[in-house]
Amino acid sequence: MRYNILYFASLRDGAGRDSEEVESVHADASQLYDELRQRHGFTARQQTLRLAVNGAFASWDHELADGDEVAFLPPVSGG
Amino acid sequence: MSRFRLSDQPIDAATLARALADASAGACVTFEGWVRNENAGRLVQRLDYQAYVPLAQTEGERILAEARQRFALVDTACVHRIGALAIGDLAVWVGVSAAHRDAAFAACRYIIDEVKQRVPIWKNEHYAGGESGWLHPDNTPVK
Amino acid sequence: MSRFRLSDQPIDAATLARALADASAGACVTFEGWVRNENAGRLVQRLDYQAYVPLAQTEGERILAEARQRFALVDTACVHRIGALAIGDLAVWVGVSAAHRDAAFAACRYIIDEVKQRVPIWKNEHYAGGESGWLHPDNTPVK
Amino acid sequence: MRYNILYFASLRDGAGRDSEEVESVHADASQLYDELRQRHGFTARQQTLRLAVNGAFASWDHELADGDEVAFLPPVSGG
């Protein structure tokens, strides 16, 4: 499946880009994150991240679909 | 009428506060978050805010709607800066008007607390010496 | 540097807030009291504030000093209008800056609560129909 | 003794003036207030008022001195 992955904060620094198109066999967001973590050498553990799919927060058991926009969100620090 | 807004331009607090006015409002409480020159013992020189804009917008509006539901408000609004900020810059503004001050204080506090916890905005502090780092909601460094 | 002030002229909130700024201040909370069009079910058309000026000045300063002692503040100020006010007018302004928001919220609330209880200022409401009346601190009528 | 009495709010309305010079035998503030209450027909009971002498709050057992500026303060309603 093809995903558009968005990166923010430490993950953006780690990936060296804002976003990327990714081809993956995983419909499970945790497994997708693990794959990207290995590829880019992210240090953030999945448990510290929130998942967002197509611009909305989603739980980690949300099943991904082809063409989804997926973001793994580090702890926020606005304000 | 979007009440939560991300802005890459300076925030005009006076204009925002005036827009909350109403003949039935007796109290207006505002919170302003300013960029400090120090965090956790390190000298801060400037910072950058990054946001996941569409989700930040949705989540910010949701927080304001929650505040309107929980407290007896006349009006409320919130603006958060994104981009590069200097020491002393206004980073976030929250304003609440209500008939009475109890509701105005409680709602203003609720909104800024929730914004800091939930809205996908990230702060990157640049320190004296050239280092920089992303922060957690409690302003401790990530890793 | 008198931080508590009585004013017979409109209050410039933006200028007052800017004066609280400091590179060490990360939070600024302000309270504005506006003249409402209604109190206890009666339509208010305008009001007058009377003050025992020298004692109001002393007591106001004392409250600000108490707040500075109780809470970790950077700065604080308060201005209260006297004279004739119309609906929507800014009657009292309290501003507090601090390193962190806990202290700023708590001190701002403390100051407005104490000002309302202790500072010798009296509100005379003029109602639709021509009547008027002096009020207690809880906005119930005197007698 | 001679006092300068200041009136505010409902007492000002009742007395029809901001202030007045008063000659009284009373050095006790409660007794002085009773005298003025009868003179002007004030309705406010002494227990509802605060006393101020020479621009400072004072307790009701404060002994007044010749020339004092005395104010009987109704419940305040600023803010």
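Going in written order, the chains are labelled A, B, C and D, and every chain counts its residues from 1.
Just so we're on the same page, a residue touches a chain if its C-beta (ideal position, glycine included) is under 8 Å from a C-beta of that chain, and two chains touch if they have at least 3 such contacts.
If you're wondering where the values come from, they're calculated on a predicted model, not measured in any experiment.
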Hey, how far is the Cα centre of chain B from the one of chain D, in Å? 49
Just how far, in Å, is the C-alpha centre of chain D from the one of chain A? 74
Chain-centre distance (mean CA atoms) for chain C and chain D, in whole Å, is 26
For chain A, residues contacting two or more additional chains: none
Of all the residues in chain C, which ones touch at least 2 other chains? 33, 112
Work through the pairs of chains, note which ones touch, and then classify the graph as line, ring, star, complete or other. line
Those chain pairs that satisfy the touch definition: A-B, B-C, C-D
Quick one: which bits of chain A touch chain B in the complex? Just the residue numbers, please. 6, 8-10, 12-13, 43-44, 52, 55-57, 71, 73-79
So in the complex, the part of chain B that touches chain C is made up of which residues? 13-14, 17, 21, 23-38, 87-88, 97, 99, 101, 104-105, 108-109, 112
Please output the residues of chain B touching chain A within their complex, sorted ascending. 33, 49-52, 54-56, 58-59, 80, 91-92, 112, 115-124, 134-137, 139, 142-143
